[in-house]
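Below, chain A partners chain B and then partners chain C, in two separate complexes.
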Partner chain A sequence: MNAVKRKNLFVFLCVAPAVVLFFIFMLYPTFSVFRMSFFERGAYSNKEAYVAFENFKVLLNDTRFIRAAQNTIFLIVTVTVITMSLSLIFAYFLTRDRIFGGNFFRVVFYIPNILSVVVIAGVFSAIYDADNGLLNSFLSLFGKKITVLWKGEETVIFSLIIALVWQAVGYYMVMYMASMSAVPKSMYESASLDGASRLYEFFKITLPLIWTNLRTTLTFFIISTINMAFLFVRAMTSGGPNGASDVVLSFMYNQKDDGLYGYSMAAGVLIFLFSFLLSFAVNRLTKRKVLQF
Partner chain B sequence: MKKLLALIMSILMVATFFTGCRKKDNKSKVLRVAALSSGYEATKSGMWKEVCDAFTKQTGIEVELTLEKNLEDVISASMQGGDYPDVVLLATGREAGLTEQFIRDKNLTDLTDVLEMTVPGESKKVKDKIAGGFTDSVATNPYGDGKTYLMPMFYSPCGLFYNKGLFEQKGWEVPTTWDEMWALGDKAKKEGIYLFTYPTTGYFDAFFYALMYSVGGADFFDKATHYEKDIWDSEEGKLCLDIVAKLATYTNPKTPAQANDQDFTKNQLMVMQNEALFMPNGTWIVGEMQDAKAADGFKWGMTALPAAKKDGDRYSYTWIEQIWAPKGAENQKEAKQFIAYMYSDKACEIFAERNAIQPVLNIADKLSDDNKLFYSIYDNGAKAAMGNFAAYKSVAGLGSVAETFFDPINSLVSGSLKKEKWIENIKKANVIMRENLIKE
Partner chain C sequence: MKKVSLYKTFVYIVFSLLSITVLVPLVWVILASLKQNHEFYGNPWTLPEGIYVQNYIEAFKTAEMGEYMLSSAVVTALALIILLVVALPASYCLSRFSFFGNGVLNTLFMAGLFINVNYIVVPIFLMLRDGDNILRQLFGNGFLLNNLFVLALVYASTALPFTIYLLSSYFATLPYDFEEAAYIDGAGYFEAMVKIMLPLAKPSIITVVLFNFLSFWNEYIISMTLLSKAGGTRTLPVGLMNLMQGQQAKAQYGIMYAGLVLVMLPTLILYILVQKKLTEGMTVGGVKG
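What follows is the complex of A and B.
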């Protein structure tokens, strides 16, 4: 065996475990999801019947799925927009101005992120309580007693948005603070000498210079919202009342309980394709020339 | 030398990844029992452990016990891989519907011969110990062919729970017909108390079964649970749905917002704090809410469902937890022995100590005082309703019985769904369910 061959063998053996694991735990399950979506089978029996695209056909006409998909898209859009803007604004003020207790706020904003979803669900269960809840009690301070049913059919989706934003804002704020503090002070100074307003500074200096960071986090965030929404729905509302807060992943999960494994996987395939295309689109749309300082 | 070492190390690394995949060797026979850790276990833990130990002592068969609150999540993964526990205690009607899936897939061991078995350590046969009627319904014989696939374990009368103290205070009578119920609802409303609430819509199943019995008797119940043609256009069918829809208008409007797994105790609390008069529930409620702050003079009361007309029959649903054996399990013979042992005096005693009551003869002597009151509901004129909706083959896009019948009640209460639309959806689903009914 010559030296090159031995080196290749060595490299091969080093890489092999990771590749094997990747195949077993990533590629094979993904492939299985696609395969099973063409079958009809229960979760606990091995009998399966090939049904081609039948699962997908039914899925696209299933009102419950359509509602879940609408909820998901609504959540992705609103939660992303609100979280991104809030964390950008907070990060900007915390880095640019020496706000009293800035570090304290930084920690406080970050805390929700290290709490488990179940804890957050418990906290918000108390906040949203119709009678003694924090939110209703606060609103009742200004006049007559207000009892908004935060987890009721019409408002439940907004309650989810609040919880999701509250949970994510700190994490992204810290990310943006890191990249914003890398922007040289001299740029702001020269801009202010030229008479630029703060708003102008933010849009013309800060944003372009942290754009790369913003792009990456945006893609991450969209994907994670799909997952986090499921966790929050499971812990906070169980999809209720009457499916008003169902999201695609919780729909998929429930189909499994109805013994419709293939159908559930068909939903999984659509979610997979959707998130894949969405991140691709986001990546494309946000492409800009990379600026450097 | 260095490279050889690296080679060995990397081979080792790969190898270690697969050690977890090795199958457990089962040389000595161990019976694997999986049981749901429910409210009974919470009262005073250890009842399953004690029973398993007693079984081992009696028969010499080792038992490996899996006792979990979220049993479905724990055992389902290995079952998907074809590795089944030998005995499972898990009722139908739970949210994950695991037992229903086994019924649908016909993956249950036929337990009819267990009834003929002698209880280990005793001289009586199992069938002579179980009280009459408990092995006749769809709950134990899911395919309606006289064969028992699930054995009845714990039973609990379900009915409407209320604050007895409040009724005494106000001098109100507990209604015996639905007309009296509505009258009481109007009266209570004037005092700012709503007539009705429910923990989650899941609690409507027991309620609805009893309602079907009280409206149309066993005959109607049978037809409806087997999705007979136009059953919801019949007099009885219409009346059932009308009552539920009317009840929705008498329900405390806060209910749907709290009718989820996170907040359902808040709905239960409404009854204890006089914000609603009645709720459907089971006897476990007493233990579940024992630490909650109730209104002054609060006392639990329980009543059967009001009758459909004056002097009509009143029903209370008997909720049964079942024990069963998956078809794919290894130790079928031992599993049957274990199930037979569940009806031994020793086992019944251990269970009864935690208020887990089995349908065996003479169990009444073992009841605690609280429970005597609840379980005596059948002695006080209420009839026992048993059974459930027949299994049908899962159809994509159809949804479960609970999703079709009961979940929309949340929307009926909040007013976002019209009664007519709800009934229309039920009728549509009824057709598909009938077409996919599982028959032997």
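What follows is the complex of A and C.
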């Protein structure tokens, strides 16, 4: 066996297992999502009938799906805006000044990120409980007894937002802290000599200089909010009450439980394309000249 | 001067309040897991009357959380082993050898970063169920669903893009001199990889293990879908979810919170031990699943 053949054999043996697993458990299932959305499949047999765009037509007239889509978009926008602003501000505070105990705060804020979503759902069910939950009994301290139904039809989506933000802030804060600490101190010093306020500094120096990082995290926000919203909904509310907290992926999963596989996959295709197009659009819209420093 | 200290006080107040919103619920849950059932009707802010360990014993025995914990440990360990055995050689070759198809494979794995498991869990389930049906016709027995090893394999496979991305970018930074020296000393490709390069990649391997440990241990959607046989085993988060749903009917709050602590504690302990590595490693990888 000559040298070239030996090298090729080595490379093949190293790469092949990863490629095989990746094709079987990722590429083929992804392809299946798209293919199955054009078929009707029996709930228990693997017989399939081609129905073209029928699944999509029904889907776009399904009020439950539309509600789920609205919820998803609402969550993407609100969770992104709130989490991003909070984590940027906190990261700025922690990197700009020597804060006593800064390390402690960083460690604590990151904790929610390492917990299982099921654990977080359990914690928040203790917080949101209407009769003797932590939140209502805390609010009752300030006057009359409060019994808000935090998981009621009108409030449930806001309760979800709080849980999602609670979980994500620390993660993005740590990420922004890393890129903010690369901003040279001399920039801030010369700005403050010129009499710039903290607010001015934040918007005119810090944000422009970490812009590349901000853009990347925007894509993360879109992709991860779609996913995390599903994980939270499934563990916290199962989409209830009355579909008030359904999101597209949980809708998809419920259709699968009912054995409507083609229909379920059509919803999957739509959210997949949506997340892709949205990330692309956001990426284009936020394009700026990269600043050197 | 005065303005600055005012600003700092404000920052401290905000941060302290936020730390409280993170820590108080977690401490509360731990205290709640030591309460007896009757203590849950009334003011939630009271301390437990005594340390009621019975909750944990019940969770382990009647709620089978002990067995689920073992399943979770087995799946997580298996998945990590499979992942490392498969991903390390692959990322090494992808980043340091040029061969036919290298570019295409790199692009494919990069594209894989955007495929989230939640989208493809249904086709994976159907594929395994169809496989089971075929096996049943051939051997009278299907073993793909409700199998801890298959679950670990799915975990490892779906973690491949992120892991390969992280490891490849690390391997790419290492100088070529190491391998060349090894080849001159008569080492083969395999020997050079295992003895020279893998030890050098230790920092990135640690990052990979940490992140994937957390994601495998905490995962529940795939596990819930692939381990669905009535009376079969579950992983810990799914077991906890069943407890939470059952709790509404049976009102066994103490046991539920004990289960919650059992799921939470291993990750918390790990985090306390390695929090610095974790938050540093994040800025290297910077991808969230």
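Some points to look at:
Just so it is clear, the second predicted complex is superposed on the first by the 266 of 293 C-alpha atoms of A that agree within 3 Å, B and C clash if a C-alpha of one lies under 4 Å from a C-alpha of the other, contacts with A are read in each partner's own complex, and residues count from 1 in each chain.
Rule of thumb we're sticking to: contacts are C-beta pairs under 8 Å (C-beta built on N, C-alpha and C of every residue); 3 or more make two chains touch, one makes a residue touch a chain.
The shown structure was predicted, so the numbers you read here are calculated from the model rather than taken from an experiment.
Following the overlay on chain A, a clash is recorded for the pair chain B and chain C. In the superposed model, A:G240 lies in contact with chain B only, and not with chain C. When both complexes are overlaid on chain A, the residue A:G259 reaches chain B alone and has no touch with chain C. Contacts of A:I146 after superposition on the shared chain: neither chain B nor chain C is touched.
By the document's definition of touching, neither partner reaches A:L207: not chain B, not chain C. Once the two complexes are laid over each other on the shared chain, residue contacts for A:A130 go to chain B alone; chain C is not touched. In the superposed pair of complexes, A:V58 makes contact with chain B only, with no contact to chain C. Of the two partner chains placed around the shared chain by superposition, neither chain B nor chain C is touched by A:A191.
By the touch criterion stated above, A:R6 is placed in contact with chain B and with chain C alike. In the superposition on chain A, A:A178 makes contact with chain C only, while chain B stays out of contact range.
Chain A has more of its residues touched by C than by the other of chain B and chain C. When the two complexes are superposed on chain A, the residues of chain A that touch both chain B and chain C are 6, 10, 13-14, 17, 21, 46, 121-122, 125, 129, 235. Taken in their complex, chain A has these residues touching chain C: 6-8, 10-11, 13-15, 17-19, 21-22, 24-30, 32-33, 36, 46, 90, 93, 97, 99, 104-112, 114-119, 121-127, 129, 132-134, 137, 166, 170-171, 174-175, 178, 198, 216, 220, 223-224, 226-227, 230-231, 234-235, 249, 252-253, 256, 261, 264-265, 268, 271-272, 276. Across the interface of their complex, chain A is touched by residues 3, 6-7, 10-11, 13-14, 17, 76, 79-80, 82, 95-98, 100-102, 104-105, 107, 200-201, 253-254, 256-263, 266, 394, 396-397, 399-400, 403, 407-411, 414, 416-417 of chain B.
Those residues of chain C that touch chain A in the shared complex are 7-8, 11-12, 14-15, 18-19, 21-26, 28-29, 32, 40-45, 85-87, 89-90, 92-94, 97, 99, 105, 108-109, 112, 114-116, 118-127, 130, 133, 153-154, 156-158, 160-161, 164, 188-190, 193, 214, 217-221, 237-238, 240-241, 244, 256-257, 260, 263-264, 267-268, 270-271, 275, 278-279, 282-283, 286-289. Residue ranges on chain A touching chain B, taken from their complex, read 6, 9-10, 13-14, 16-17, 20-21, 40, 42-47, 54-55, 58-59, 61-62, 64, 121-122, 125, 129-131, 147, 149-154, 156, 235-238, 240-243, 255, 257-260, 262-263.
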